[in-house]
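Both of the next two complexes hold chain A, though its partner changes from chain B to chain C.
Right, the complex of A and B next:
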């Protein structure tokens, strides 16, 4: 049952994401004052319909209730009885959020959020408006054949009636499909038919002559003429006929076979259906039971063909059977993590193998064995690399997933704020590790809130400054090497550096004399300080106790960095650079006391030559001065309790790697810098869970397994938390551990 | 072994139905074949025979009613017991389903036992014929 529930949650998630996309598209069409796309409305109906069915089966009561009400609303909307107004759209967008809350609660094993559901339900009723002036469906006179109507769902029936009401012609396309290739062939037909009208339904008929093919009657409503359709949709197994309206035959008491429109040609009955009658046969004779005799399959084929169907062109291929049906598989990301872990293990095995290979090759009497072993090793190396990149690829999802959510946020906030904002998205197809995408949405949302709140000016201000009334927020994503770059750019007021500096000075973050030498980057860096705001009052939008510092922390957690550029009066650009995957990180490989270690590059700020002469001791802690600021030092060999090799000589050149975590900086003294390398981190395992200072182990180059240093943990241990929230360095390190005795 | 074809566009719902039907230590176990659309059902039907077909109504393209109609008209499957499962338990749909030749109509949500009993009943009836 657990698996089923997971399946339910992930399917519900997908449906809700699709629903949100459809609503955005509907919103766009309403804004353009086009009529709402009925297909989109039907899609939204189907979404909540499925949600209702699923949630009731899985006992998710609130979700079921909510879906039930939404289904009713959307059902009426698709049947043309309720109008799609911006107000209704608002409620529907809210519903997407509430669905999200419910799913989040389910995932966390918490009860469903009752209040938000109840509030939304209350709002549902008040927002509905029905079109004025008579029934939306005054089509009773069309009186379609009950045999046809019997197989139509209510919605399909509504679409049929609507099309007929608008004077759109009705056509039947009879197609014979090879069952083995029906999906592709059908998609092809759909895409060709779509520009010419609306496909109302597909009626499967007979079984063809054999088990490998099937005839379908596709009911198409189109304003094109029969000739045009015959040309446009021509194909080897396609026949197209126009269907006449029963209206024209109502007075006719002749046999119900003469059903074609003006051109009414002779009708040849297809051999498969000897007792054919008209699609719109009068029901006078049989009354209520009429349709049990007149089936839709027979009814439609009556108006089908003037000539015999041409012979099948596709040769049936019995071998091509049901395979290829399900082309996607949902996988728990933990399973992928597990696979990645095995790859890391294999890489370590590979290293050991490489060592043995070298030894064997070094022995002259084993030369041939050595060559063979070397070749095998190279093969293993290559395949292991392929395996690793294959697994990484599976973890990748397009950023579009999170962008859709942002588009909704923009819409909502700009409405709340009475600012017209246009969101322009590029690079939604850029792929990033699934885990990163999930963690990205909150920081991005906050950045966008900021851009609308602090960036985009009010309509009047924009007008005064000669800017277009509608502000623009550009959300760009693109890949750059092993990283993905995300930009949030607005054409708003820009950040006032003087104001930022004034606030920073007032809060004692920097002295007036220090500000002279500061670059724009340093000044704007203040906005990432906890609680930093140049606004006086707490704003409802951005000032929810969450500031840019939290955004920065979240981005850093993902191994990313955030930069800000701004021009006063022109706009602001926030740039987030992220690794493509969390499974592989870039690291700086260093040597400490003769052993190799990896320092994740995300926390490394810079590396410089260690000059013991600059070291001072303040409060029993070693510090040095770096560009005028005090930098706390940590000798990692002593910190890890590693014995200095006997050969160690204080005159040998050593290095300081400056690591930064949040606002804190720490200089780590190491013996050697080897270089940058992409590594796969393997956890140390449960028994070593309590060991602090290491994020895991990894394979470093050909022959080395090394530990990955957990820079944040070390910084935290060395510098007591809460100390010295100075941007440019910690002045009073108070940690008591580590350091040299 | 009895074979049941389940036609349903929701994967979670298919999993639910599969669990309901297969979760039984019977002397006559049920083998479930899943179709995620009406078209897939059309493709799978010739691979039968199936002893029972369980179908949803609201599906894109070919809906469940059309499928019922097709099966009832087809030479090979017209005797196959048909069960409609749908949230649209409105009288209209129910009547239509039955009029088209469905043997039973089960409204979602249902208990796994209900579906299992219903399918069993049709299988037994068929076996007696």
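Right, the complex of A and C next:
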């Protein structure tokens, strides 16, 4: 029962996400004044229709009611009886949010949020506007075959009319299908024709055909030329003719094609000219059910269109690639964790096998067996590696999942603030671990809110500064080695360092004399302090001073770092660097006081031999000089309170592992470097939540558990323990690489 | 055929007798008994999920005072607590009889749902006590132990201290800072 509910929730979630993507695409096309893409409207209609069915099946009453009303609205919209206005889109986007609320409530085992559904339903009715001045039935003005009109569904008729009004060419494709294979063959033809235009309907031609075959007339609206269609859709039993226009004396003006913002081409259609539209020749007999009879279609195809419209460039719609995926399986991530654990177990078996293999090979009388065993062991090793990377791959999902959500946020916030904002996304296909993606959406949302609220100026300010009225927020993602980099960049006002400093001084975070030598990076670092805000007013969205510190905390929880770069008047760029996966990381295994620990390589900068002679003590803190810069030291054995084995003496060579976290560095003194190893980090139990300094534990072989050192936590703790940063000249204005402890 | 039915009759009769006795004395519960520092303790067996031989233990610096380390149980990291430290018992080094009890209390049972290892010197056997057979501990023990011991059961001349796992596996932090030895040294000291 619970499983079924989960299944329902995740399926509904998927549909709602798809719905949101389609709405965004619709929003974009409405903004471009292109007119709504009828196929997108159709998709949203289908999504809501499916939701209606699902929710009533699972007894989710309000969701079903809401879907029912939305379905009605979208149905009217696709029939052209309701206009797609920004207001209607607002309501539809709200519906996506309400759907989300309903699902969240279901997940938490709470009743559906009745009020928000009711409010939305009330709004649905008030926001609808119907097109003005529908002068009777425009189709009646055309000399179309009444027989044809009679068999068209209302929707088909609407599409036909719309296409004719837009001056799109009409073509008839006559195809002979084998009755045995007609389903597949028809689908094939449909998918081939789809890129070139819209299939309005298909009807039996009433001619040809025999016991094994049937001739269908496919009515296609397309801006392609006849020649192009003939080449593209060529086949053994395919004939394509253009449907002629009645008037030949009037030239149709060539629709100009303009490009907008370097992306989607905008198509300007010629104004509808009623006397200029094509017509169908009278059709004596027609009907979907009639397989016999003749249709004098020749008269129609005899006259060619005098001017061909230019080919329509196929516009890839955002989200299309994600949508088309049919062969997918939904998997609970815990199941993948479980598989990962099994792989780890197998790795332990493998190392035991390796030891046995070595022993067998050492025995001369078992030489052949040993060789065989060795070969098997190598095979196991390889497949195990493949298995591990295979499971990791399954965990990876494209960042586009989060980005779609953010696009909705941008739309909503920019409308609330009455700022025009254009979100430009690159790298949505970049993949990261599913768990990371889930944890990312909140921090990114905060960052985007900040960018719109604090970054992008009001229209008038932008105008005064000579910037385009529409602000731009760029969301870029790309892979960099074992990391994923995310950038949120706005072309807004930038962060006023003086204002930040003034606030910092007022709040006693820094003294005035100290500020003189601060780097930009250090100054901007203040915005990550809890409760820090330079904005005077508090509004609903941001500016309450919560946000950036939460962002930083969430990002560091994922093992990531965040950097800010800002130029006054030009804009702000926040860069988040994250590990690709939380499941497996590379680590440096070190020995401290006879115990093995793993240090994630992500925070290791270098390792060098420790020379006690270079150590100086400043205010009871040990530091050393590394390439001319001061490096704070931390003897990890003392830091962890580990007793040193009695045998240890100072003459043994030790090492310094330099770790870097953000712009801070720390030298960790360890006894031994064992080497690099890929490890699976596992969480320590809840009872060790309060223990700082460890990111988790990992199996280092032989059932032995090694703790994974949390370098950022240690650096932070040491910095917090004293004003080491000031002491060690971290804020040297030169900004040299070293010296920032 | 007849034998089977007679067995069933017998078992039904026994069950009825047990039920009668249960009514007389109150419900019986099963406790797993173990030895620590020459004394016998027991916990409700329902909370014990597994008994393990001592795997390699990794100590955790700066952990709460009764945490002796972490172990890996089939790929999962489990925290091991030493009950002797909670009960202020003398500690002896592990022997081949030392065991780890994997115990778990759901939030409804007053725990956190986390599976925790409990180090004991030796696992004995299962005792059954009815509520009526359990003496209150408060009258016998000092207040320190009373926090962890719910009662005392007697059987075959043995005195068995029944340990309350809730303060040990529960979410609330029971140890005060003063009880906790300083493990974390200051850096650079």
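Just so it is clear, the second predicted complex is superposed on the first by the 383 of 741 C-alpha atoms of A that agree within 3 Å, B and C clash if a C-alpha of one lies under 4 Å from a C-alpha of the other, contacts with A are read in each partner's own complex, and residues count from 1 in each chain.
Definition applied: a contact is a pair of C-beta atoms (placed from the backbone, for glycine too) under 8 Å apart; a residue touches a chain by one contact, two chains touch by 3 or more.
Predicted, not measured: the structure shown is a model, and the values here were computed from it.
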| request: Considering only touches as defined above, state whether A:693 meets chain B (first), chain C (second), both or neither. | output: second
| request: Using the superposition on chain A described above, determine whether A:50 touches chain B (first), chain C (second), both, or neither. | output: first
| query | Is A:595 touching the first partner chain B, the second partner chain C, both, or neither of them? | reply | second
| message | Quick one: is A:461 in contact with chain B, with chain C, with both, or with neither? Answer first, second, both or neither. | response | neither
| request: Classify the contacts of A:625 with the two partner chains as first (chain B alone), second (chain C alone), both, or neither. | output: neither
| Touching A:389 in the superposition: chain B (first), chain C (second), both, neither? | neither
| query | What is the shared patch of chain A, the residues that chain B and chain C both contact? | reply | none
| remark: The chain B residues in contact with chain A across the complex are 9-13, 15-16, 19, 36, 38-40, 42-44, 46-47, 57-58, 60-63, 65-70, 73-76, 87-88, 92-93, 96, 99-100, 108-110
| query | Once bound in the complex, which stretches of chain C touch chain A? | reply | 55-56, 58-64, 67, 70-72, 74-79, 81, 112, 114-116, 171, 173, 182-189
| query | Which residues of chain A touch chain C in the complex? | reply | 341-342, 344-345, 595, 617, 620-622, 632-635, 638-642, 682-688, 690-694, 696-697, 699, 702-707, 717-718, 721
| note | In the complex, chain A touches chain B at residues 1, 3-4, 7-8, 11-12, 46, 49-50, 52-54, 56-58, 64, 150-154, 156, 179-180, 182-183, 186, 201-207, 211-212, 214, 291-292, 295-297, 321-322, 325-326
